[in-house]
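Below are two complexes that have chain A in common, paired first with chain B and then with chain C.
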Partner chain A sequence: MLRYILKRLLWMIPILVAVTVLIFTIMYFVPGDPVRIMMGANAEEAEVEAKREALGLNRPYYVRLLDYLKDVFFHFDFGNSLVDGSSVTKTLLSRFPRTFLIAVLSTVFAACIGTPLGITAATHPNSLRDRLAVFFSLVGVSIPGFWLALMLVILFSLKLKLLPSQGIGSFAHYILPCLSAGFMTIALQTRQTRSCLVEALREDYITTARAKGVVERDIVYKHALPNAAIPIITHLCGAIGGKMAGNLVIENVFAIPGIGQFLIRSINNRDYYGVQGAVIFFAFILCVMNLITDVLYAYADPRIKAQFEDSSKRKKKAEAGEESAA
Partner chain B sequence: MKKSIKAPRETSFVIFCRRFKKEKAAVACLIIIVLMALACYLAPLIAPYAYDEINSKALHQLPSWQHIFGTDDMGRDIFSRILYGGRYSLAIGVLATGLGVLVGAIFGAIAGFFGGKVDMIIMRIFDVFQALPSILLSILISSVLGAGFTNMIIALSVGSMVGYARLLRASILSVRKIDYVEAATAIGCSSARIIVRHVIPNAMTPMIVQATMGVAQQILGAATLAYIGLGIPAPSPEWGAMLSAAKDYIRTYPHMLVFPGVMIAITVLCFNMIGDGVRDALDPKLKD
Partner chain C sequence: MEQNMEKKFLEIKDLRVEYTSEGKIIHAVNGVSLKLEKGHSLGLVGETGAGKTTIAKSIMRILNPVASHVRGGEIYLNGVDVLKVPEAEMRQIRSKVVAMIFQDPMTALNPVRTVGDQIAEVIKIHNNVSVAKSWTMAEDMLERVGILRERASEYPHQFSGGMKQRVVIAIALACNPELLLADEPTTALDVTIQAQVLEMINQLKVEFNSSLLLITHDLGIVAETCDEVAVIYAGKIVENGPIESVFNRPSHPYTVGLFGALPRLDEEVDRLSPIAGMPPDPTNLPEGCSFHPRCPRATEQCRQKDPQMREIDAGHFCACHNV
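On to the complex of A and B.
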């Protein structure tokens, strides 16, 4: 198992390097001059040129790329923002907790509502309840998150004046963002729970349990649910990683000073270093969350754990083992 | 020879249609989408006003009989703008999915069929793409390409391409081992013929389902891009761009935000339900 984790951690390095190269190259082709935006339209051409030279933006592509890679991977330094000269690394780290908090809170919220819905649907297949739950989950994945956020603001902040519409500060500030960010996850969670539980309820051991006269409630909660829970829980962990980047527009709607808001501001200002830093940071988080998900999965399910150990023992087939794990 | 090949194909399509007809909700959604597309296509005939007709005497009007969805900050009729905007939103959703499926299918088929080194290289490149959430990738690419109809389609399809490639590769890997592929190899069919005639048709089912739901995802993605200002440039009405323009008036004229969002939600919901219906019709085993 340790070998597997180590292998995955090492494999993250080439992935992140490749992501860095990809993002750097994409940003290299972004039209618009950041220095011009920074200094305003009235600045003298000579001044702009001097500033560009000072920032090293006139050097050729590969020199800048190698420099950047060196900074990121040896000094963990994402460079300085072209807009205000502040350190991108510091900005990212100071903004990370809020982005993370919203991702976690909204996922927890979604799990609390989605799981029971999924269980009801699965235990009453093809009933009205099931149909309603499935329909609800389809509606959930169909509403744009940022639009739902705006509607919630109109209802709860502007009409009812119950909750603040922007910023951070108290717990109340987090309610609307988490609600709108979690809504789609509720739907996904309902579907996931339903399909996993339906599958578990078809297994032979359920028939055995029924045959020996176990009450239906125990069949669902003691026999089927624990077996269905593994993919459900790991799915949730994976969701947190994806949500952090997925919430960037919602962060913007609620003016939450998280990484998403920083990223969009950086894109609009052509702040290369800000965009690159934020994207690489997101990629890193996603890789780590995926790794955690896979490890959790392996720990929860002895069969998968055995698979990894088997493949690492048989050295010749180690490659194949990794292939199927990926 | 030709007839005997064609006959079973038609029946499988007929079987699909018969099964799909039983999915009442999906059929209803299909009808809604067709009507919606028709209304948008015929917008010049149906729309009561032109989409860029500015009326300074009727700014920010609430819904009324003259303007059933109200008017926006320049007095333009929101209902007419939604009709015209639907042309962009629907076209972007369908075309971006088509492009994503096409490119993804090509790479997925190559990777899945040839295996070995080719497979490894393609998959490793896709690993890099997948290290980024697809919407992030779309945002970045669209900030390079700039705003516009074609650029939006490209940006969105790049984000989704990898998913289709992986899906097709996975189903090809499972189909490849089935005897009829071996038989085709044995009688000397070329690789291209085996891929196109034998493997892809049998590996298509999950792709078709995914693509139907993909249209829904792309419409949502397009709305997101437009909302953060990377959509179609200003005077053209696109649903996401309408939301983006309306968000500044949330405190004073919230009605401007409601209708474009409702249209997006209805459209996306319909595509999702059609996708569900198609899945059940194509493969009843998948239905639980």
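On to the complex of A and C.
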């Protein structure tokens, strides 16, 4: 298992290098000039040119790329912002906890509501509960997050004056962002749980369990649900990863200084280093989330665990064989 | 009275089961009546889709609740109509009084739970024992079916097909059921393992003094294992009786056809003689005798009137107009 994790971590290096080269190249070709934006439209051409030279933006593409790769992978340095000269690495790290908190809280919230809804729907097929759950998940998927966010602000901040409408500071500040970010996930989680559980409840081992005289509650929770766990885990971990990288809108609506907001600001300013840093960071987070998902699989399904262990065992055997042959 | 109960250990009367699928009604079981005495074994023989498994699942009441409907009939087990008892009481009957060995050991075990756990679960449900005790009993059960007790903590995927079938059998026998329903217990296994598994079922049957309802399409297995045989076609019993009588004098044209389709060692035959045609579409059964479109002896009467069971020999019944 440890071996497997190590292997996966090593695999992340080529992936991240590829992402870095890609985003660097895209940013190189993106029209717009950060220096011009920085200095304003009235600045003298000579001044702008001097500034470009000073920032090293006039060097050829490959020189800049190699330089950037060296900084990122050997010094873990994403460079300095072209806008205010602050360290992108530091900015990302200081903003990361807020983005992370919203992603995790909203997903946990969605799991806590969506999973039981999905279970009820699956265990009472074609009943009123089932239809309501399916209807609810359809509504949930159809409502755009930013619209829901604004409606929630109108209701809870403007009318009821219960919750702050934006910014950070207290736990209460996070409630509305998490609600609006999590709403669609509730709907998806309901759907996912329902369909996986319906599928699992049709399996032969469920009939075996019924033939044993197992009560219906145990059939659902002890026999069917553990077998339905893998797609549910995939969905939840994917949701955390996706939210981490995809909460740009929610962070902007609620003025939360997270990574998403930073990314949007950087894009608007053509802040190459900011955009590249944020994108590479997101890629890293998604890689880590995928790894966590795969490790969780092993705990959910003994067959997958056996595969992980088998492959390392087989390798050891092969190595031992080679040694003895030598 | 007791004598009477003993005789009618299992009695199925005019059982009718339908499935609904995409708006169509599938007539799976169409008025089946069967009797099985305590300690006896009955072979239920028929083609795929003839309704054999449906009968077994009806006895256990584990048919899919959404798609299937028992349209009529009674199933008496120890004098109790199991189709009428409340679900909670039925759970007590399952595995304790009647247990089932499933057809496909590859899918009948829960892949994410250890085999020991799956055997211990049924023991725990029907016996008032501690968790530790149920685990020990599960290990004993494994040993009984010829698997090392140390393997109780392994998962189904770590076992071969034959071993999994043994685990399935261990689950079925864990609570010494009075009636064992074996649904094609050897179909998924290769021939060498088949013999072992059959022998084991036979042994355990004697050991626990259980009755056995063996579902199969293999007449050879029936000959080895059963006292009585019932031949089922399109959801109806067409012939039943003591094994010697039916094997010596197969009377229904379908039964005759089944025997004709068997390869024989003592006769020089170039080709086996299969029964012509296909089993009827269960959504649209033919009028009269269901077998008449394939029957070499069909007459006008067969096309119009469904034949009733008639006793043609001591305890040997056949449903055919021409016998």
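In the analysis below, the second predicted complex is superposed on the first by the 305 of 326 C-alpha atoms of A that agree within 3 Å, B and C clash if a C-alpha of one lies under 4 Å from a C-alpha of the other, contacts with A are read in each partner's own complex, and residues count from 1 in each chain.
Note that a contact is a pair of C-beta atoms (placed from the backbone, for glycine too) under 8 Å apart; a residue touches a chain by one contact, two chains touch by 3 or more.
All of these numbers come straight from a predicted model, not from anything done at the bench.
> Just from the overlay, do chain B and chain C fit on chain A, or is there a clash?
fit
> Let me test your reading of the model: by the given contact rule, A:A300 touches which partner, first (chain B), second (chain C), both or neither?
A:A300 sits against chain C, while chain B stays out of touch.
> Does the superposition put A:H75 against chain B (first), chain C (second), both, or neither?
Neither partner.
> With both complexes overlaid on chain A, does A:E203 touch chain B (first), chain C (second), both or neither?
second
> So, does A:K161 touch the first partner chain B, the second partner chain C, both, or neither?
neither
> Pick one for A:N227: touches chain B only (first), chain C only (second), both, or neither.
In the superposition, A:N227 touches chain C alone.
> Could you look at A:R217 and tell me whether it touches chain B, chain C, both or neither (first, second, both, neither)?
In the superposition, A:R217 touches no partner, neither chain B nor chain C.
> Taking the C-alpha centre of chain A as the vertex, compute the angle to the C-alpha centres of chain B and chain C, in steps of 10 degrees.
About 80 degrees between chain B and chain C, seen from chain A.
> Tell me which of chain B and chain C touches more residues of chain A.
B
> In the overlaid three-chain picture, which partner chain does A:P125 touch, first (chain B) or second (chain C), both, or neither?
A:P125: touches chain B and chain C.
> Quick one: minimum Cα-Cα distance, chain B versus chain C, in the superposed arrangement, integer Å.
9
> Hey, what residues of chain A end up touching chain B and chain C alike?
Residues 125, which sit in both footprints.
> Chain A touches which residues of chain C in the complex?
Interface residues on the chain C side: 57, 60, 62, 66, 91-96, 99-100, 102, 104, 107-113, 121-122, 125-126, 155, 157-158, 168, 171.
> Could you pull out which chain A residues touch chain C in their complex?
It comes out as residues 125-126, 203-205, 207-215, 222-223, 226-227, 300-303, 306.
> Where on chain B is chain A touching in the complex?
Contacts found on chain B: 123, 127-128, 131-133, 135-136, 139-141, 143-144, 146, 216, 220, 223-224, 227-229, 240, 243, 247, 250-251, 254, 257-258, 261, 264-265, 268-269, 272-273, 276, 288.
> If we count contacts the way the header does, which residues on chain A are in touch with chain B in the complex?
Those residues of chain A that touch chain B are 15-16, 18-19, 22-23, 26-27, 29-31, 125, 138-139, 141-144, 146-147, 150-151, 153-154, 158, 194-195, 198-199, 242, 245-246, 248-249, 252-253, 264, 267-268, 275, 279, 282-283, 286-287, 326.
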